[in-house]
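Working notes, beginning with the structure itself.
First chain written, first letter: the chains are A, B, C, D, E, F, G and H, and each begins at residue 1.
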Amino acid sequence: MALNSKSIRRLLADVHRGKLSPDDAVEKLRHLPFEDLGFAKVDHHRHLRVGMPEVVFSPGKTPAQVAEIFKRLAMHAPNVLATRASAEQFRAVKRSVRGVHFESSARAIVLQRDEQQYGRGKISVISAGTSDIPVAEEAALTAELMGNAVARIYDVGVAGIHRLLAHRKAISQSRVAIVCAGMEGALPSVVGGLVGIPVIAVPTSVGYGASFQGLAALLGMMNSCASNVSVVNIDNGFGAGYVASLINRL
Amino acid sequence: MALNSKSIRRLLADVHRGKLSPDDAVEKLRHLPFEDLGFAKVDHHRHLRVGMPEVVFSPGKTPAQVAEIFKRLAMHAPNVLATRASAEQFRAVKRSVRGVHFESSARAIVLQRDEQQYGRGKISVISAGTSDIPVAEEAALTAELMGNAVARIYDVGVAGIHRLLAHRKAISQSRVAIVCAGMEGALPSVVGGLVGIPVIAVPTSVGYGASFQGLAALLGMMNSCASNVSVVNIDNGFGAGYVASLINRL
Amino acid sequence: MALNSKSIRRLLADVHRGKLSPDDAVEKLRHLPFEDLGFAKVDHHRHLRVGMPEVVFSPGKTPAQVAEIFKRLAMHAPNVLATRASAEQFRAVKRSVRGVHFESSARAIVLQRDEQQYGRGKISVISAGTSDIPVAEEAALTAELMGNAVARIYDVGVAGIHRLLAHRKAISQSRVAIVCAGMEGALPSVVGGLVGIPVIAVPTSVGYGASFQGLAALLGMMNSCASNVSVVNIDNGFGAGYVASLINRL
Amino acid sequence: MALNSKSIRRLLADVHRGKLSPDDAVEKLRHLPFEDLGFAKVDHHRHLRVGMPEVVFSPGKTPAQVAEIFKRLAMHAPNVLATRASAEQFRAVKRSVRGVHFESSARAIVLQRDEQQYGRGKISVISAGTSDIPVAEEAALTAELMGNAVARIYDVGVAGIHRLLAHRKAISQSRVAIVCAGMEGALPSVVGGLVGIPVIAVPTSVGYGASFQGLAALLGMMNSCASNVSVVNIDNGFGAGYVASLINRL
Amino acid sequence: MALNSKSIRRLLADVHRGKLSPDDAVEKLRHLPFEDLGFAKVDHHRHLRVGMPEVVFSPGKTPAQVAEIFKRLAMHAPNVLATRASAEQFRAVKRSVRGVHFESSARAIVLQRDEQQYGRGKISVISAGTSDIPVAEEAALTAELMGNAVARIYDVGVAGIHRLLAHRKAISQSRVAIVCAGMEGALPSVVGGLVGIPVIAVPTSVGYGASFQGLAALLGMMNSCASNVSVVNIDNGFGAGYVASLINRL
Amino acid sequence: MALNSKSIRRLLADVHRGKLSPDDAVEKLRHLPFEDLGFAKVDHHRHLRVGMPEVVFSPGKTPAQVAEIFKRLAMHAPNVLATRASAEQFRAVKRSVRGVHFESSARAIVLQRDEQQYGRGKISVISAGTSDIPVAEEAALTAELMGNAVARIYDVGVAGIHRLLAHRKAISQSRVAIVCAGMEGALPSVVGGLVGIPVIAVPTSVGYGASFQGLAALLGMMNSCASNVSVVNIDNGFGAGYVASLINRL
Amino acid sequence: MALNSKSIRRLLADVHRGKLSPDDAVEKLRHLPFEDLGFAKVDHHRHLRVGMPEVVFSPGKTPAQVAEIFKRLAMHAPNVLATRASAEQFRAVKRSVRGVHFESSARAIVLQRDEQQYGRGKISVISAGTSDIPVAEEAALTAELMGNAVARIYDVGVAGIHRLLAHRKAISQSRVAIVCAGMEGALPSVVGGLVGIPVIAVPTSVGYGASFQGLAALLGMMNSCASNVSVVNIDNGFGAGYVASLINRL
Amino acid sequence: MALNSKSIRRLLADVHRGKLSPDDAVEKLRHLPFEDLGFAKVDHHRHLRVGMPEVVFSPGKTPAQVAEIFKRLAMHAPNVLATRASAEQFRAVKRSVRGVHFESSARAIVLQRDEQQYGRGKISVISAGTSDIPVAEEAALTAELMGNAVARIYDVGVAGIHRLLAHRKAISQSRVAIVCAGMEGALPSVVGGLVGIPVIAVPTSVGYGASFQGLAALLGMMNSCASNVSVVNIDNGFGAGYVASLINRL
């Protein structure tokens, strides 16, 4: 925040000292500094504002675009993450940025130079089935990259409730839980009823037929009868990891 | 079935004896006997075919129509049921049929003259919340009217999973379970995972917002990760009671 | 939790001392204590488990049912809340429970005997328009009842973005923000981009035509391009207040 | 069930004999035994609980994952089934498990070492059209693997009602019927009206345009005017076979 | 209006004087002139163009508006129909137009001064249930008003297929059939398979839950596996009667 | 029909003459003759009943299945049509059946040995845009194969209404019109308003975005303000051609 | 704009002259002036920014709230409009603000003190049917209140295309057209094809069944094959009038 | 074609000889003649009527069809555009038409021989994210081809509102703005609130999960709380560019 305040103060000091006319200052004040790559405004100050690394959502971008954005961000932020990345996008980034690696289970390109723990407790990442793991891994990886200890609890869906109950203690010792489930999306309600911590629910597109690509799970989670549940987009492991990290820093 | 077979055989005997021409027989054979009230074909043979009482779905019918249909059915079937009935429709039926009563919790007009137990075991009727009780009661009443012992287990939704677990033994001693739930509709999956009996799931329209009048619960139940679950229409307590009764007679 | 652990330990001690056979213990261990009102399982242990007051969702319950449940809960929990309550339901509760009052702007029946502050910081409750206020008030009241300081910032929708910007500092000094918006539901994204705290988004059913009773706002919020946003059900002010309270206690 | 009861009793006996402290027992009692493969909890006790073989839902799993899960399950359960399997997944399983074969019409990997008949009667599996056969075959194979006699009655859709009527007797001699239909999904209603047995309806994704991948059939079946119909997910032949098998064992 | 009359008179004078052949005049009369009431263009020539009476769709119009439009139409067309009319709208029309009556079963205001039979054969109007009768009656009345013989066959839904089969001969002797059904909307497929005539399907809003106000029936009918079925809007008895009348005149 | 009546009469004559017992006759009368291929009931009598050739819907069938069904049908019916066929399916049919050809614009395999004109007038087939032509061609081909004269009027969509008006006379001289349109699906309403003949509307999946694969066009056509419009499934050119052919034979 | 620029410049001048510290200026610059009524931020500067009167959307506000907001706005803006207002809301406003009147056909409370013509040409407001007039009137009134000449062309729907063609010249002489239509919503496409001016399409909720409260019309208009069409929300006459007014001022 | 040229020549000769005023000739030229290519009516006069070049929507057309239509249009119109074109379609056009080029960022085939500026001001084209650029480029290119100056402002989505605010001045100096956004589609509301010019909103299919291919963005934009926003179809950059061009010519 220092940098930001500093530059604004410098500008106003310039007005104060008469080096800048009020009119010019009006115009300048509207501009927070960001760099223009032509196809994307790289917003270095988002880092300042929210205290988190920048993230690239990879689908629909060419490998060259991902690499260029990733490189610029890596000049300013210690940790950078590209989600839903392909191997091809990773190879392009690897050629431009030193120290990146690819987490295939989470389909993510990762640059982690700051390994400090910012979270004050543990985050549980829970998945209903084996097929939900890629989304859960995206959430877990995001949380780890943002400086959190993560407990992974996978394949504990509601049709075998005893499997979940075995982990009740571990979950309740976390400060926040992420629950990923497709099909009927019932797991967040059950977890929410078992523990008194905030639960971030992630509907996944796992299922077929009347799951309608995750709509059934999304609607189920929106209607959770447990009051400690809030929901992010279908398959949005990153968002869940991000929200949970913010909560765990409090 | 005897009656039916008898009349058909008599017809063919008439052909055999030359009392009826083959041409006339062709036409007659297409007609199973039913009575014509003008506005509704009363199908007495449905009773013969499926071994169950006739049911009147009351909404959209005038009290007079409900009463007329009910009366005719009561001439042939020992037990008659009118679902989703209003008090006004009940009063009309009461004027025409002796021995009927009104079950307000299940919104049903009931005539039960055959109280024999046809079911071979018990049917559990389970509801997630207090608001689901009217639908659950419709299911329970239907099952009782069709000659079954019913165990009612209400308000055991998934957000307090221990409440359900306390009833596990009772449920698993039933031959079939009916599970009514609104909101996210997760209860049938959990029940289905706990016990090895067939589970009939009934989504209810209980909820608000993204429950979309029961659509969320319906989709959730269709996508149940428990394999022993099948589903009937939103709020269709009668259908669930009917299917469960058929199963319990096997 | 003490009580719960105590009773389980006592049971096992009984086994240890030979007062209880292993077989009887197996059965008893499955039962967590709760009281049975017939139409609703009142779950006093939920209080123990999650450290929050019990809540009654009033729609679809008779005034007598609301009053009965409220009274029982009030015997065990210091604070009790009935949401979406009618004046009639309030009058029934008032006859049974001393000290309740009705918050008409939030349509809530409130019993607050524990006024301790449990939250460690402030919760901002933000609404896009005047018509979203009832939902925002339900969220704010819930948070206050659960021991939080609340800052209300109303009518700062995105079509006049400067109105929101004027409150940026206040919002960023909160530990968590609740944002209620109907129509296009864009406000949480903008708030999420302005501040680095967790944002709980509440779609409201405010709007007409293609808002489809809040579906447009819900979908918008699910797709938020701000990473710190998670979402609760349409009009679910209570849920948002509850989640925010849990977060603020961390 | 013996094994399960035994191990719990042994634990409590240990408490009784003072070999285990009550505190340690509390913790252990929460754990029902299951084996942890890392990516999937293999739940051998599901077999004990529901008396049916374990099933692998193959889509979204790598051949290696399917093979590993299949192999573990085959160590405990006599019969194992992998549904919606690819030829590639089959080859991986075949390398690990002796005695499996691939049923291409049902897209299933099958291990059947227990060929006992558990069902007390026959299950009719009925399909509306030729294109519905893969789903019907999945249902039929599931039922056979679970020890049932199956009667296949295919291509008897409602637009040629006499084709169905020719099979009426065969169907009514079954204890339960499975009816698979795409497009308008009308066949279960007609079958349900013809016979007095439970009918499990399976909407299929067969169709085009306004069939919306099976939604039209699903909605049609949910609204069946025949009371003996309940419904499983679109294309869920396995679920239908499973439910029917449970019913046929009663 | 004067101008309009004048131009028609001039045209007819031209025919009179042999300047215009009658054939050419018919063609010219089909083009363009209409009267302007301010709030509605009354299109008298629609009658000439399509050879059918004008129809008023009553909902959303005041009684005075219905009466005014009805009166104007009655000056030019022998038969006039107001559909979905209320008793109040009827009273307003009755004050302005002599000879109208109200068909309450079809919710229609009727003026029939031309009773000639234009249809060359019979139209069957078939309903699945008692609750579908109002829609069926609107269709039947429309067809009768347009000069057709109508056979009403009601309450012959697919769950009791023998009731329908009893009417097969009558239906196949019609030139066209109208089939009204709610719930799963399966009846048109079955009728379409039984007879070789065009079938106009009318989904009705009869049903509940997943019928979604007739959407399930509409989708079912759109996906009919019978090739001789086409569909009109939900509850659109008038449209079905109109299309069937056009076909029966061919 | 002769054959059918004959065989039934022969059966009854056998009863009359004592050659067949009434009991055996009961059973036989339930069976209308059809041939069983195992995977599909080939229904030769559909030809007798509806007076039209049999049609194979090709998607989801193997080339061998299409060929086998096509060959069997070709033994009994003079004209056979396979819709939505691939070139590969055609090659398989060609090897089995003499005289077939492939209409690539309509994606159809055609066998036409009966070229008699059964239609009494002309059928207009109208398309809104160039991209709708494959569906329109399927309709036109079906109508021609069923013995009708067809007038093709393509690319006359509503955004250039004068293009349609230029064809008004030709359309009004047809006995029935088929109108194929994607996107907003407005053309059938305009055609329906221009001419007094029955209009069969075919929504097509042409479009993008909010066309939702033809849903927008389908809903538009269902809500047509022209009363002479009925609708078939999205892209169902065959159904439209079939219905129009039935109408044109009247 | 003068006022706004002036106050900002004054602030910066204060910094320049040392009367205000840079730090305080930073904070103040973030605040654009608006007045706080507690339940609604009245944004007087919106008037400055967009050059249009403020509008109150009345549903969901109490008469007192509407009156209070209306009064405040009337202190700053010459013209004020409350849409979808009830008579009761009007009476409350009338008590507080002099010179208002109620336009019942448009359901609007109107204060028009500035009657200057700002529009440079004419705006055509076109409706498909009589039932669409309230929405069309809201659009027309909005445009008039914002200083435009309006031509009303009502009841010219596509099923009688000649009625529309008669107005072609009038429409093409406008600078922009608003087209209101329910049911299939086809009119904007036809108008868009006839004239070369921008067309603002307003779907209305007029219709029944598959119109789904205007969804069919909305989707139809979104998919318009005419390129000069853009769309506002269902029944949003005000929005259409507003956009058209902005265009007409250019 | 000859005939067509002839009639135009005759008309122009009439003007030449003073038999027809130029004004009347303009009006006549707008009516009706077009050329028939068999598979598409090429409407050369659309150019005259709306003053814009013809456009080919490429998907679903063969390269040969695109080339043929493009060539014919290029004989009459100076500028021709093929949208959503593939490289293969471009190659076919290039062989037939001189001077075309391919804009890969906008997926468009372009022929621009008339480079005159018809627009009276500037059009801002704004995109929320990098992935929305293809749609934005289609809009920008369309506007440029139709003679407008375009300002591109990309990647200024609402989650970093300061990036947008930096461009406020530039946008407000345009006469009309096009705003392309996927995901929650909130950007048009914010832009609409910032500036007083007409805003054309383009929902894009950018997003995943609950974006449902652009439905979330579309619904959001339809419900915009800014009154100066109207909407075109998902991904319809061309339509937006076209409408904006019409407005900018006024």
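By definition in this document, contacts are C-beta pairs under 8 Å (C-beta built on N, C-alpha and C of every residue); 3 or more make two chains touch, one makes a residue touch a chain.
Because the structure is a prediction, the values reported are computed rather than measured.
*Asks:* Check A-C against C-D and say which one is joined by more contacting C-beta pairs.
*Replies:* A-C
*Asks:* Can you tell me which pair among C-H, A-G or F-H shares over half of its residue-numbered contact pairs with D-E?
*Replies:* Among C-H, A-G or F-H, the interface that shares over half of its contact pairs with D-E is C-H.
*Asks:* Mind checking the centre-to-centre distance between subunit B and subunit D? Centres are C-alpha means, answer in whole Å.
*Replies:* So the centre of subunit B lies 25 Å away from the centre of subunit D.
*Asks:* Report the inter-centroid distance (CA atoms only) between subunit A and subunit D in whole Å.
*Replies:* Inter-chain centre distance comes to 38 Å.
*Asks:* From the mean C-alpha coordinate of subunit A to that of subunit E, what's the distance rounded to whole Å?
*Replies:* A distance of 59 Å separates the two centres.
*Asks:* For subunit H, what residues touch not just one other chain but two or more?
*Replies:* Expected reply: 129, 160, 165, 193-194, 209-211, 215, 218, 222-224, 227, 233-234.
*Asks:* Give every residue of subunit H touching subunit A within the complex, in rising order.
*Replies:* It is residues 129-131, 133, 154-156, 160, 162-163, 165-166, 168-169, 206, 208-211 of subunit H that touch subunit A.
*Asks:* Looking at the complex, which residues from subunit H come into contact with subunit F?
*Replies:* 31-32, 34, 38-41, 43, 46, 57, 59-61, 65, 69, 84, 203, 205, 213-215, 218, 233-236
*Asks:* Flag every residue of subunit D that touches subunit E in the complex, lowest number first.
*Replies:* 128-129, 157-161, 165, 182-186, 189-190, 192-194, 207, 209-212, 215-217, 219-227
*Asks:* Within the complex, which stretch of subunit F touches subunit B?
*Replies:* Against subunit B, subunit F makes touches at 8-9, 12-13, 15-16, 18, 22-23, 25-26, 29.
*Asks:* Would you pull the subunit C residues touching subunit A in the complex into a rising list?
*Replies:* By the definition above, subunit C touches subunit A via 46, 49-52, 55, 120-121, 175-176, 193-198, 200, 218, 222-224, 227-234, 238-240, 242-243, 246-248, 250.
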